[in-house]
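Below: a set of structures, written as structure tokens.
Shared chain: subunit A. Partners: subunit B in the first complex, subunit C in the second.
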Partner chain A sequence: MATARLSTHRVVIVGAGPAGIRCAETLLAAGCKPILIDENRRDGGQIYRRQPEGFTRDYTTLYGTEAAKAKDLHQSFDRLRGLIDYRPDTLVWNLTPGQLCCVSQGKHSTVDYDALILCTGATDRLMPIEGWQLAGTYSLGGAQIALKSQAVSIGHRVVFMGSGPLLYLVASQYLKAGANVAAVLDTSPLGKRIGALPKLLARPGVLFTGMKLLAQLYRAKIPVHLGISPLQVLGDAQRGVSGVRVRTAEGKTLTVECDAVALGYHLRPETQLADLAGCRLRFDEASSQWWLATDEEGRTSVNGVYAAGDGSKIRGADAAEHAGRLVAMALLEDLHQPVDAGLRDEQRRALALMDQFRLGLAQAFPWPAEQAKALPDSAIVCRCEMISAGELRRTVSEKGACEVNRAKAFSRVGMGRCQGRYCSQAGAEVIAAAAGVNVQLVGRQRGQAPVKPLSMLTEEVSP
Partner chain B sequence: MKGRFVRLAEQGRPTVKLTVDGTPIEALQGDTLMVALLTQGSALRQSEFDSGRRAGFCLMGACQDCWVWTRSGERLRACSNEVRDGLDIVTTQPEAIWPLHG
Partner chain C sequence: MTLQKADVVIVGGGLMGSATAFFLRQRGQSVILLERDQIGQYASGVNFGNVRRQGRFLGQLELANRSWALWKRLPELIDDDLEFIASGHMRVCYREDEIAELEAYAAAPEAEQLDLKIYRGAELHQRFPFLGPDVKGGSYAPHDGHANPRLAAPAFARAARRLGARIEEQTEVAEVQKVGGEFTVTTTDGRQFSAEQLLITAGAWGQKLSAQFGEPVPLDTHGPQMAVTEPVPYALPTVIGVYTKIPEEVIYFRQIPRGNIVIGGGYRSKPDMLNRRAQVEPRSILNQIQQMRRLLPGVGNLNIIRVWSGIEGYMPDSLPVMGRSGTVDGLFYAFGFCGHGFQLGPGVGDVMAELISTGSTRTSIEPFSIRRFALSAEQRSKAS
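Take a look at the complex of A and B:
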């Protein structure tokens, strides 16, 4: 009886990264065959993104210290692939209760669900800097994808700027691959890292790996500056980036020549689909951003909608694998299926350590909210539509728009091609600073369908 | 600047011939359009809102800064579409531009 029910229950997972793959694997082992929808053409998500067919670099070259994990995840997926309903190259662009709207290769279709598990992942978290719209400025994650997925460097001479563990990881991967790394410029001062050590010791192995990466950069004599304040990406509109200018921790102005900048401050979750489903979000004080409100196992506030991985809470790829397994067990339990209590407790224990570690990371590499306040009026906040900090501030001072969505309506910040992915968090900080209130009080940009732009040429296909 | 992106490995792949703005170019099989264009040039497109050139930003299909078009008018994200023999790409939108900021 129970098995019959399980086999007719339509379970859809969105996202084939570490969370989605482990979730699908756990469900399949329990006799539930999920539909796994992924926007990418190949599995692995961003961090374990696979290189195209025909590329020959081995796992160690591609993934370094994470090689064993990447290989294990890819092999697990290869075993699953023929046994589940896998739909790559498919964007879920909207949803209504019980139904997803999808588009694949220019064709629109719908997919019905009884249970939905969102494993939508994250993108880079960005803070604008004067000149960041110039060609040659890339997100840090983008710089990593260029190398991992295409074996190219984003420039002839690359500066890595921002903060967070990814800054050192990508810089060291570039160095190892033979790219020219001009400098690593971190906004976080050394003191923050020392203060965060007790929490970071929750995962000593990961902490040690991070220190090794830093040692590699020092050994290669790459200039590494901590506690910098970014001032400007230099260059011109036609030729793009020609350098960066920062203020060092000692208060000196430092100019580094380069033709590419990789910029990023850790990650932000892709919560749009959960938002459209009506799931509650909550403000995470430690990272100062809005996350999905879920219980420990991944149940959202909406019945039948679940979430796991960085798309609900930024804890990294290892945590995503555990959360993917755990959320599958939560769904099975809700369907009155037996679950392996030992396996569940194992995931919980691992996640507890990772929660501690992520608090350490948030403390060691803080989101530089104060930069938004210091942005000159001329700096571009919305790089899609070239809207400046001054224009956004005027919507606060002249129109009294102290709420993110209202300020978006007046200024268009958050309305362009990226739909606020790269400007709305910094925009909220600019608004909060101009209004003199805490950033939590100015709200967050609401998700809107389509969650990514659709072509007018999209055809409807009858189911 | 000849090319913005620099190839560091995987250079033994077969070549693919395509056309960009009417000029024939060669790329390597498995290249994204972005890599094909930016290993030989410094930008992908013109911003609609200022005089700036654009060369993409996120490489993961989130920012939409890397749109190019086929000659028949189909819009493609250069970061997430691979080169194919005979592809005819244009880097200006096959419609009137929209000069919001003059």
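Take a look at the complex of A and C:
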């Protein structure tokens, strides 16, 4: 009886990164054959992104300190691939209850589901800076993809600026690949990191890896500045980026010449599909952003919709693997299937440590909310629509728009191609500062379809 | 508990309510406007933004013309820019016999001020070379245009407030009573507002209030389906819409000067009136993509970046409920604009302010009276 139900239950996983792959693996082992839909052409997600066919770099070159984990995940996926219904290069652009709207290579189709597991991952969390609309400004994640996928650097001389573990990881990957790293400029002061040490020691191995990355940069005599305040990306519209100007911890103005800059402050979850499905979000105080509200095992507020990995809660790739297994077990349990209690406890214990660690990271590399307040009126907040901080502030002061969606309607911040994925968090900080309230009170930008731009050449195919 | 008094209380802060508040203040009446959520949140803020007269019920053109004259006075009228452009509006069709219908409309005396010109064949494709080969003819209205609906109602409300109107957002009406010559409105947070004249501009919720006064109307609700593309160089100033009797062929678009193309039409969704949310149905977007490619083949190179919906009130005869109550003195209505109220907004505000403050209006609004439903209810009971 129970098995019959399992075989007819349509389980769809969105995202073939570490969470999605471990989830699929766990489900398959229990006799449930899921559909795994992924936007990318190859599995692995962002951090374990696989290079295109024909590229021949080895694991150490590609993934550095993370090579063993990348290889293990890829091998697991290769074993699964023929046994599950894997649909790469497929964007889920919208959903209705029980049905996903997908587009693949210009063809539209629908996929029905009884259970949906969202492993949608994360993107860079960005804070605007004067001049960041100039060509040559990238996110840290974007800079990493260019290197990992296409073996290209974003520039001849690159500055890495922001804060968070990705700052050092990407800078060292560039260094290793032979790129010219002009400087690493971190907004977080040393004191914050020392203060966070007790929590970071929850994962001594990861902490050690981080220190190794830093040591590599120092050894290569890369200028590393802590506690800086970003002032401006220099350059002009014709030639793009020509440098970066910051204020150092000592209060001096420092200018670094470069032709590309990679920016980022850790990550933000990709919650649009969950939002469209009606899942509740909650404000995470530690990281000061909206996450999916799930129980410990990944059940969202909507029956039949589950989530795991950085798409619901930013804890990194290792946690995503554990969360992927755990969410699969939650679904199996909800379907009255036996689950391995020992395996489940193991995932929970690992995640508890990672929760501790992620609190340490949030403390060590804090989101620089104060920068939004200090942003000059002329700085662009929304790069898609080219809306400045001053324009956004005026919608608060002159039109009384103290809520993110209202301010968006009046100012267009968050209305462009990226649909607020790269600007709405910073926009919320600008609105909150202008209104003089806590950022939580100005809300968050509601998700609207399509999740990514939908080509008007899209053709419907009959099922 | 304090009781706030004014000459007029308005329930519903969409474009109709906000514009009426503004014009009432211009006429020296004191006004309190109550809005349950935010000004212009539902139908008023999410519609296509058509400032179009052609194609309307001929008996509505007098009102539409009055409104058009007010649009032409923007932004000075309210000291705020609604991004109104009198860019021209083109109503096209796919069939030869439909051209005759467009011609008949253009020839009607009521449509005289619109200066409509009929295009067909080679002349049509020469004038509008970007239209697809299926387009057989069209009616061009040189003075119609478009504006930004997200800005309109809030701008009128701010202008009304500057003139002294009291605008209360997040204020939900719990109960309305009329005792003696005075209406008393009690809100869910326990406040009371009173006036001798009450205007209901509650859009899709208008019939809930009219029913309380013994005037139920058969209002239905729909969610419009809107989409917008990424920006491309501004090349299509004319608003273009398809005239057809086939629902899925209904499509209209406008390009805004910053480059995005706004698209609407086709299937509508059924709003969730409990949570006050309306979804965009994926099939609507797919249908719009298909219809847009037929109308404007070059659009295939673009992407849809966002879709949205809202909550609109529709009447069975596609005409609004507008004018004085048939049963209660001092009670007025302006709701249920059936998805075509945006252009009328300033005119409705001006007419309602005139009607409320002087007792009559020089513009014909008789076809929109709520009494048309009372009559049919009577007839129905006789028939049964």
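The rule we apply is simple: the second predicted complex is superposed on the first by the 463 of 463 C-alpha atoms of A that agree within 3 Å, B and C clash if a C-alpha of one lies under 4 Å from a C-alpha of the other, contacts with A are read in each partner's own complex, and residues count from 1 in each chain.
Going forward, a contact is a pair of C-beta atoms (placed from the backbone, for glycine too) under 8 Å apart; a residue touches a chain by one contact, two chains touch by 3 or more.
Worth saying up front: this structure is predicted, and the values here are computed from it rather than measured.
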Which of subunit B and subunit C A:Gln46 touches, first, second, both or neither: first
Which superposed partner A:Arg239 touches (first subunit B, second subunit C, both, neither): first
Which superposed partner A:Gly142 touches (first subunit B, second subunit C, both, neither): first
Partner chain(s) touched by A:Phe55 [first = subunit B, second = subunit C, both, neither]: first
Comparing the two partners subunit B and subunit C, which touches a greater set of residues in subunit A: B
First, second, both or neither for A:Thr271, with subunit B first and subunit C second: neither
Subunit B versus subunit C as contact partner of A:Thr187, first or second or both or neither: neither
Contacts of A:Thr300 with subunit B and subunit C, given as first, second, both or neither: neither
Touching partner for A:Pro453 - first (subunit B), second (subunit C), both, neither: both
First, second, both or neither for A:Ser287, with subunit B first and subunit C second: neither
Footprint overlap on subunit A, where subunit B in one structure and subunit C in the other make contact: 385, 417, 453, 455, 457
Subunit A partner contacts - residues on subunit B that touch it in the complex: 1, 4-13, 29-32, 35, 39, 42-43, 47, 49-65, 67, 73-75, 79-80, 82, 100-101
Sites on subunit C touched by subunit A in the complex: 38, 45, 150-151, 154, 158, 229-231, 258, 279-282, 285-286, 289-290, 292-293, 299-308
Footprint of subunit B on subunit A - complex, ascending: 39-41, 46, 51-57, 61, 106, 123-124, 133-139, 141-143, 145-147, 149-156, 177-179, 237-240, 259-260, 270, 383-386, 417-418, 421-422, 452-453, 455, 457
Sites on subunit A touched by subunit C in the complex: 94, 96, 101, 108, 110, 385, 399, 406, 409-410, 415-417, 419, 448-450, 453-458, 460
